[in-house]
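Can you read through this structure? Questions will come right after.
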Amino acid sequence: MSKPDLSVEIAGIKLKNPVMPASGCFGYGREYSKYYSLSKLGAVVVKATTLKRRLGNPTPRVTEVTAGMLNAIGLANPGVEQVVKEELPWLADQNVPIIVNIAGETVSEYCQVAEIISHSGLAQAVELNVSCPNVKLGGLTFGADPVILADLVRQVKKVCCIPVIVKLSPNVTSITELALAAEQAGADGISLINTLIGMKIDLKTRKPVLANKIGGLSGPAIKPVALRMVYETARIVNIPIIGMGGIYKGEDAVEFIMAGASGVMVGTANFTDPYACPKIIAGIESFMIAQGLKSLEDIRGCAL
Amino acid sequence: MSKPDLSVEIAGIKLKNPVMPASGCFGYGREYSKYYSLSKLGAVVVKATTLKRRLGNPTPRVTEVTAGMLNAIGLANPGVEQVVKEELPWLADQNVPIIVNIAGETVSEYCQVAEIISHSGLAQAVELNVSCPNVKLGGLTFGADPVILADLVRQVKKVCCIPVIVKLSPNVTSITELALAAEQAGADGISLINTLIGMKIDLKTRKPVLANKIGGLSGPAIKPVALRMVYETARIVNIPIIGMGGIYKGEDAVEFIMAGASGVMVGTANFTDPYACPKIIAGIESFMIAQGLKSLEDIRGCAL
Amino acid sequence: MILEIEYINNLTSDIWEMKLNGDFPFNNVQAGQFINIRIKDSYDHLLRRPISIAEANTDMQSLTIVFRVVGQGTKWLSQRQKGDKLDVMGPLGVGFPLPDYNRKVLIVGGGVGVPPLYQLAVDVSKYTKNVHILLGFRNARECFWQEKFADKGELVIATEDGSRGVRGFVTDALKAYKSYWDYVYACGPRPMLKALKQYFQGQDVKGYVSLEERMACGVGACYGCVCSSEDRGENFRICKEGPVFPWGEVDI
Amino acid sequence: MILEIEYINNLTSDIWEMKLNGDFPFNNVQAGQFINIRIKDSYDHLLRRPISIAEANTDMQSLTIVFRVVGQGTKWLSQRQKGDKLDVMGPLGVGFPLPDYNRKVLIVGGGVGVPPLYQLAVDVSKYTKNVHILLGFRNARECFWQEKFADKGELVIATEDGSRGVRGFVTDALKAYKSYWDYVYACGPRPMLKALKQYFQGQDVKGYVSLEERMACGVGACYGCVCSSEDRGENFRICKEGPVFPWGEVDI
């Protein structure tokens, strides 16, 4: 049998396979490039980038829970200027598409970062992390209200000439309402899910383990919620969806594709196994061979 | 050392310990009474009871996921008349407080069920399951909107002479908003969390495993989310909170108590181990002895 | 209950036989009942796996199960070794009611529906010598326990590809019999059970089928495993009121 | 990388020593680096556990670690047996820079901060004979590797209850020395490191400390394990830029 075709197209970007490391779980790619060539990946998604450098939260910032982990990194990053100067040029030489995850506390911050990334010519897309608290609106996250979200997307689209993917937070009553708002405001794609908000208490200190008290839950524990949200969203939007949440194996990725995702992102799994992404790519390929699939289009959304 | 005191008081009901099997995971108690005496439990919470008998959803109704399970039982139950006639009298003889979980599609259904239970004199409290879709409002659940929730609680309180506990759904943007609404409407206690909505796809059939497609995620996978919601809620309400979600060991229960819960409920763990509840009670007691705690008041909310 | 594995054997490419010893109410087992097995002491698999009791031997204080590897749980089970311990609950559910003395009995099984019928054949053979046993497999390589069954009644094997016995499904093989039966006991895939029930429609025969459904509690507490009875407008819990039902009482 | 356990030994009531063999860049190990160990092949524990390399022996192609059982992961590790395989990543991080020739060196360790200092003592002793080693433990029962260290320098033990060596903390024992040092290397609890840094404040000595923080990736990708440098207004990743830092560069 001829090799199956794993390539996908998302928001106009051609990827050799649907697997991308998730934002915040892969730094700027340098660390994992020691384990395998980044050119094997569909794309690389870099850490959340903000206008100004951020040191992030106090430690402990990470802790383990059953089938998952909690993190409260606090968007630590050197700021967009530094990222464009020091990180992206190196990554751009690795022969892999780059998606830059961006965050901000005001619409204008998002817009400035998106514009700088877009003008740098070094990235193929931006991914808006809308789980950040909107300081102007008293801490409500951008991703919790469809009107606020739509306005953000519209403003960013105005200044950004590369595709804009909106990464939704799962901590909402209706994911579809937000996905629709993003689509209508002009988003080129939707990625989901970001982390669920969780907590762990240390029985010895009798206090929350994380210095920030609450943190984002990721890993296999959240996979059923993620899959359900991809499924619900795929039924109502027409723009491509990138699914993530607890993907550890090729089969997990296939489930997301069957639920309607065009691509998948892999976060926590990188920490458990530095070779997670290439193994997942190989796992998807094995599944396609076993099932006689020529292209991922044969199964995309088949569970809808 | 003298034996620690595990007793708690919730909404005026005195329980010998804080551990109760969660609604829907313990039938009406008969099955597990073959494994141990129900009088060991803090209370027994029975399955969701509706006005009319319900057959529930088609099968498969349950499936396993990593560190959890999905269920879409569909509120199968024989209806309140039958429950009061056939089930509660037997349970009332077991020397354990009874909490009846009730559900409905309209405010009037909830009220009728609550009234019948309350008048039966067989239960010590009702627990309103507000994760049910409100048919009058086009399927939005009662637990998703604070105004609708407050109205429901107010109406039920009018007709129900036993304490009313409101069981919140975690599938919302702001759990605290709903908890406050319930408290202000007169709820005597809050229990949380019900299941997160999730999904699993069968790679062989390429369709969702559950006949209902989506289902409720329970088990250790949801514990961090549950704990965070108890913590957030405990910081703003003054009525007692009953925490649940993935409690499998005494230590898990202690985490919930440290986060501010007065009692805990145990669901999925019963399926893994029929002796889960007595083991959890013993685990709490061991922890108290090891830490020299006389009463659970010594640690309740200490992580807040 | 904690049982110890006395042996584990490969019967076909993906079917395994396992014998268990330990403290278990062996003499209370009714053919058709099942045990519910914990998979690993970890959070990876929280739900137990229901597996029918294929043989319960009070004298030897042992229990035999036969299972097909279909997923992670059964794969794990197949990797256990002699001496390993298993955490099981059981015997659970309601099994096959035994026939009146000297009646004519037909036992029909398909695939991994076959094992619990062995204990049934053992028990039934104490009540009557008129036992026909008809077992269907995909092909000769998938057959197992043929001699054991041949010992307990008149055995016919059907294989889909004709590589052993009659070619075709058990319902095809059925047509060759020149008998009538007072009791028909069956366990196997739903389509087989459905075809059987239809085949005997209108005949004066007591039919019992063993059903399967995904389970959570295995004891009747969660209402996860129901089957329906449209006629009676109600549901039954397969783990508690079943897994064996008179075929007239449930939709198949 | 998959390493095999050559032996596992109990050193104190809750401290274990484990020797590992296999394919590993033993000759690239710098004292103070660590390995990141996968706990079980299950979803129960997704994060690896960082454990310092206590000894790396290129000739014997072996790696020794010493760990205290504090939770589920280290408990699991302590239950492994000779011949079991471990999935490890490493060597990770940046270790202790070695001293110039013939300088005066002080090595200070506390509790399970002691093990990585053994490899350091081995390496340092190739550069200088002037090595003081000062190790603090809670009490005599908690002491381990005393002979091994005594072999590599002039050893002083301090115990909190005085049951062995000097009574008190390492900083108490420090006052008894009549020397000065060019290099101080330390690993142990934060309060110990803090006290040391204070003790040598203003002295012309190069100090290096090894820090700990909860980790996720262990390679620098997640920014989970940072320590801060208020002076420089920046953070360092302990797993990548550390775990060893010049004590002037980080807040302790």
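Observations
As written, the chains take the letters A, B, C and D, and residue 1 is the first residue of each chain.
In this text, a contact is a pair of C-beta atoms (placed from the backbone, for glycine too) under 8 Å apart; a residue touches a chain by one contact, two chains touch by 3 or more.
What you see is a predicted model, and the numbers here were worked out from it, not measured in a lab.
Fewest steps needed to get from chain A to chain B, stepping only to touching chains, is 1.
Greatest centre-to-centre distance from chain B is found for D, with centres as Cα means. Centre-to-centre separation of chain B and chain C, using mean CA positions: 36 Å. Rounded to whole angstrom, the centroid-to-centroid distance between chain A and chain C, based on C-alpha atoms, equals 47 Å. Between the CA-based centres of chain C and chain D the separation comes to 59 Å, rounded to the whole angstrom. Among all residues of chain C, those that touch two or more other chains are 43-44.
Multi-chain contact residues, meaning those touching two or more other chains, occur in chain A at positions 66-68, 220.
In the complex of the two chains, the chain A residues touching chain B come out as 65-68, 70, 144, 171-173, 196-201, 203, 206-208, 213-214, 217, 220-225, 227-228, 231-232, 246, 251, 254-255, 258-259, 287, 299, 302-303. Only residues 40, 42-44 of chain D touch chain C when the two sit together in their complex. Those residues of chain A lying in contact with chain D across their complex are 24-27, 30-32, 34, 47, 55-56, 59-64, 66-69, 71, 73, 76, 219-220, 248, 268, 270-274.
Looking at the complex, you find that chain D touches chain A at residues 38, 43-48, 89, 213-228, 233-235, 240.
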